[in-house]
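Order of writing sets the labels: A, B, C and D. Residues in every chain begin at 1.
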Amino acid sequence: MASAEDVKQGFMLSKNQRAGLLSFLSAQGILVFFLISMLAFSLFSEQFLSQSNIMTVVRQASIIGIIAVGVTVVIIGGNLDLSVGSMLSFSTVLVVDLHDKIGPTNAILVMFAMTLLIGAVNGFLIGFMRLNSLIVTLAMLSAIQGLVLIYSGGQNVDIANQGDTWFAFFGRDYVAGIAVPVLLFGLLAVIVQVVMSFTGYGRRIFAIGGNPVAAVYSGIRKNWCVFSTYLISAFCVACAALVLGSRVMGSQNNVGQGYELLVLAGIILGGTSLLGGAGSIWKTVIGVLILGFIQNGLLLMGYPYYAQWLVTWVIIILAVWLDLAYKRKHLFTTHS
Amino acid sequence: MTTLKSFLRGGAFIQPIWIFVIALFVFFSLMSEYFLSLGNINNILVQTSTIGLLALGMTYVMINGNIDLSVGATLGLAASLAVGLQPLGLTVAVLASLAAGIVIGAINGLIVWKTGVNAFIVTLGAMIGVRGLIFVYTQEQSFYASNFAFVDFGASTIGPFPVLAIIFLACTLIMHLVLKKTGHGRNTFAVGGNPEAAMDAGIRIGRNMLINFIIVGFFAALAGVLLATQMGASTPNLGRDYELWTITAVVLGGTKLTGGHGSISGTLGGVLAIGILRNGMNMMQVPAFYVLVILGAILITVLIIDQRLNVPTAKGVRA
Amino acid sequence: MIYKTALATSVMMLSAGLVQAEETYRIGITQNNVGVDSYQTTYESAFEAAAAGMDNVEVVVLDAGGDVARQIGQVRNLVQQRMDAIIIWPTNGQAVIPAIRQAHQSGIPVVVTNSKIAEAGLDYIAAFSGPDNVQQGASSAEMMCEALNGEGQIVQIAGQPGYTTAMERSQGFEDRLAEACPGVEILETQPADWNREKAQRVMENFLTKYDDIDGVYAGDDNMGVGALNAAKSAGRADEIAFIGATNFAVGYEAIGNGEYYGSIYQSPVDDAEAALQTALDILAGKEVPKMNFFETPKITADNLTEFDKPVF
Amino acid sequence: MTAMTQNAEARPVLELVDITKRFPGVVALNKVSFDVRPGEVHALLGENGAGKSTLMKVLAGKHRPNGGKIILEDEERVFDTPKEAKRSGIVLIHQEQSLVPEMSVAENIFLGSTPRKWGNRVDWKRLHADSTEILERLKCDFSSRDLVSSLSIAKKQMVEIARALVFTPKIVVFDEPTASLTDHEKPVLYDVIRNLQAQGVGIVYISHRMDEIFQLSQRISVLRDGEYTGTVNTAETDEESVTQMMIGRSLELDHASKPSEFGGPMLEVRGLTVKGVCSDVSFTVRKGEIVGMYGLVGAGRSEVAETIFGLRHYTAGEIRLDGQVVDFRSTHDAVTSGIALVPEDRKDQGLVLGMNCRDNMTLAGLSTVSSFGFMKSRDERAVYDRYQQAMKIKSPSWRQRVGNLSGGNQQKIVIGKWLHTHPRLLILDEPTRGIDVGSKAEIHALIKELARSGYAVLVISSEMPEVLGVSNRIIAMYDGRVTAEFDADNVGEDQLVQAITGMTGSTPQAAGAVV
């Protein structure tokens, strides 16, 4: 038993010299990991670090990234949103279907309105009715998928004249050499990060996630704040739908299926705690990019697409574990 | 009113979900001539047995205050092994797949115990990773059981009752008794209800959680094997989204996500509610698209009712 | 809305009960995954329309949502409801066999539609009705050969892994290509699960990975158009020949525009009607061959006008 | 008070010798020695953070010491787990509730040592029989089959004590056992302690309350900053010298005088009724006045405060703030109208423990330190610095996580948070619970200071010295009703006790208040 204690002592990260480096690694650990994995992949594949490859990966990651920005806000507020996948299907089908019927501008407006409406339903049930967010958004995942199918009658939707609509801007154009989806992703990430870090609103969301009761006892309108996080999440989904619809110029009814998991994986990998009250948007951005580059890197190295799943399993747990281990100064928990 | 409330709330002799199950049963019996028959009830039991077995283990894990998102993937892996390894003999195949479930459960449990990482994250990782293992093992292929004995087992009956339904109900009974009567079962509540206190009282909470993860892994594998006997085959995508329906069923059955509260009888009710709804709506020819919406709406409704009934215990503060 | 549907259904069942007196056939169908793409949805409505057009047929239409276990349950439910015949669009060519066998043992004839089941199950079905996917793959290979003049490097975007249609088309394509066109090399194959967006991503990765791609074979037009989108944004669409299968409206238009080389014309309406007809023939006691393939011709810019634009 | 002096010279049943415990970066205990004799109550004192709890956790096997010896009945022992310590007869009764709410009383009493039959099955018959026997010994009036979640706080405390009696204990450690008990319930606990003493059990008693310590203990040991400062016989010392040992200086006792100039009524509550919580509650708080609200836990005091603060719906009655009728739908409305509530439970209701000092301090008044929604960090710092200096908050920096501060400093942060909103009415619910004597006096002085500067203050407390010491008037509550109102400077303790325990005929005013 004494030896077990010694082993634990051995893992204690208390040496002063190491503390500086370690605290840097802990704060920026995910960034360091990101750079190392980039380097590793570039050793195995010469195309990996090519400009076109990086652009492709970032562009592909931007849809998940845009959604993840919104979901991160929900998670910082102490809740979850599993309905974003179905919501993405809903919004994409809606905007693509309406494009030819009422014109791109109206289609976009209606789509944003409807998506925000769904976000408001989530927000109402979780913020005002105070129901458990995991279960509510799980139920909404199913219900919204049903709504999409009812709306479209199960048919794919398409935009007829793909060549001559300015709707193509969101998914296919470039501004200053950077793809619009990437710009949108970056813009949203910066705006939301600024809101979360530098505004009273952001402070309130962090407080609610950290201790909802104390937030209410401090006069914060928790109901409204939680409600609003779901509007933000829905807004981000609507932006993602804009990109997705414009990129594909068509949509299947299940196009967003499984996105909620990729989004969650990216957020967790970035290091935002599911318990709420902590986290940041830029970490989520890094997390999402890591997932994208791992997928791409493994494919370039010739591994089958499912190899990334195994890697994701390992790195998600490792990332969260090491973060925890650093905080408690022990690699392992001590209880039996 | 208060008596009705306390009647609905009090787990004294009937749980609210069972009232719902009975109501559904009566409703569909009136709506469809085919619904109320021994054959159909057997069908419902067989169809719910898969989610049901997953839910048995999930109930334990959730009472523990954890969650397991990897059950669907574990089920898929077990099914693939149970079919794919049949050239080595049926017994080997079945034992190997059950062992795989136990190992995955143990891995999840050990990680949760030793690293202290939230079970949601650990099993989310496993859910993605184990699916990868299935694809590595099967090379994306479906497997087919050449041995019809395997399939015949899945279709066999004892008296008028299908074997699969009997296995499910027997497991339910055992799990109910273990939870209610044994030290392990009671410790499961203690660990979920107040881990700190349980630890101080000398309950080995890590070990308790590990055992429960092993249990849920075992049941996921068992469900996979039994599902494979129904199909005589396995597909790499088998079990996708099952975790969502399993959690839904367990929550419908009254188990709290926060841990420390729940029951197997409630879970059985939750599983049957979903099974009867699906079966009944099939019988009534409700279009598949609407079924999704209805299931979602019912889940939210039950959640609201449950919350309204439990308001007094929340001290009535608008916090 | 829901209430109305319930009411309508019960009214329908009530009236069905009345008609039953005069020798109505009750046919149950369980589909793979309606709503996942238009082909399946159109199939469903075509099937319902065809059945509604006959007064001696009552149909129960179910959807397995892509889940094998649910489909097995549905077959059991249909057996339970004592259908006269069951039509199944298998979610998986192997896993549904025991359920089919069970239906067979309870004396209900089973017709498999659209996607074949494995050898072992053929004994238990009354007939198969659908396209010949191996032949489709082979036809696509011939078109590819033609488009590239027997020389070049191509990539393949396949359908959902483990799904019979996907495997048969791939197999037909690869076998015929090797045989007819040894000069064409397949650089890589990746699945895109019948999903246009996924296909677009897969193609984007191919385009960065390979500087020289002469052709793309996609398991259906939905994915093919996704690949075309990707190539267009990369400015490389002109140098690549796109060949798909199951001609979709977008694919039809792309062929018209000259962006897309060719595809296989496969009508879900034909598919659905053939399946229902096969079932009815069996019930009427006619002699029906085990394998009933309906025509699925090649479609290219040359013969485009001979075909109607698909409705999906 | 019962003389246990015959044990005074008995050999110690337990000795802790030179115990040292280090946590990363901190020495929590430095060579601390301590002993307990059979049948003795040995009080352990020290300010929060002095190391009392750590020492007891070392004793109970929750922490392993880095140095030193634990000698139990002349035998050196090492406890790896709380269970081992328990089996050897050392029981810790926790400050925090360590019960499992959804389990029965019996299961909680025997948690971790439930009697079993073959097959790991719980032996329910024995479990309940044994539990009932223990509950009877403690004169408890609830059943072993009751769910713990249905019990009152005091009864839960009894379950915790019952748990201590499962193994014949040699040493029982009470860590702040009366923190959540009212004056009415304390005597029951004292009886239990004396009963244990009579059986020869050694008691370690940790408390901040001097009156209790002097009433119960035979010896007092004091810790300061992880160091042992000495042991004295209770009979030979007094409060002042013990306090000096604790804080290392003589205490500036709360000599500040109570406010005496009152303005018009700030808060008027008339006939307030909340279903199932309180009924027909009426009282007034004037500007510049401190009103004490005194009653047992569960009498509805906190609930009245929560109702005023917009946390509960009321079914009848009226609340006037500065003459205006108000009905707040949320705490936000209450805060913007100038009400502040320092809640009962600092950690759960008062603070976001993961946030730093500054962010907690400005949380209730974010709009005052932001423009166009953006935080002005310089203003925020200024707010923090102002209150940090004014209240002498001990924190290394504004970046310090609040969770790492001591209880007294945490409470000051909560008070600072509300002062920053410049409220018209300040409600403090148990403002000094679990706070060491030094901080307590400072907080009392602060409350008076605030009232003098014009705040209307309502102080809710279950400590009689506190309500008597700080308030101008005292409102007594019992069972959701106001039973009496007193002038704090002219009331006897017996009158107060009668008023809060529902005894009839206490005072003429009381008779008038009860409708």
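Throughout what follows, contacts are C-beta pairs under 8 Å (C-beta built on N, C-alpha and C of every residue); 3 or more make two chains touch, one makes a residue touch a chain.
Remember, predicted model here, so these are calculated numbers, not experimental data.
Chains that count as touching both chain A and chain B, per the definition above, are C, D. Among all pairs of chains, A-B has the largest number of C-beta pairs in contact.
Using the mean of the Cα atoms as each chain's centre, the chain most removed from chain B is D.
Rounded to whole angstrom, the centroid-to-centroid distance between chain A and chain D, based on C-alpha atoms, equals 43 Å.
Chain B and chain C have CA centres that are 33 Å apart. Chain A and chain C, compared by their mean Cα positions, are separated by 34 Å. In chain C, the residues touching two or more other chains are 34-35, 191. Across the assembly, chain A contributes residues 149, 154, 213, 216-217, 336 that each touch 2 or more other chains. Of all residues in chain D, those that touch two or more other chains are 81, 311, 330. Pairwise chain contacts present here: A-B, A-C, A-D, B-C, B-D [touch as defined]. On the side of chain C, the complex with chain B involves touching residues 1-2, 5-6, 9-10, 12-13, 34-35, 60-63, 65-70, 72-74, 76-77, 80-81, 91-99, 101-102, 118, 120, 160-162, 191.
Those residues of chain C lying in contact with chain A across their complex are 34-38, 40-42, 44-45, 190-191, 195-197, 200-201, 204-205, 207-209, 222, 225-226, 229, 233, 248-250, 253, 312. Note for the complex: chain A touches chain D at residues 1, 5, 12, 14, 198-201, 203-204, 206-207, 210-211, 213-221, 223, 277-278, 329, 336. Chain A meets chain C in the complex at residues 47, 50, 52-53, 56, 59-60, 149, 152-156, 158, 160, 172, 244, 247-255, 296, 299-300, 305. Contacts from chain D toward chain A in the complex involve residues 24-25, 64, 80-81, 309, 311, 330-332, 334-336, 341, 343, 348-355, 359, 362-364, 366-367, 370, 373-375, 417, 421.
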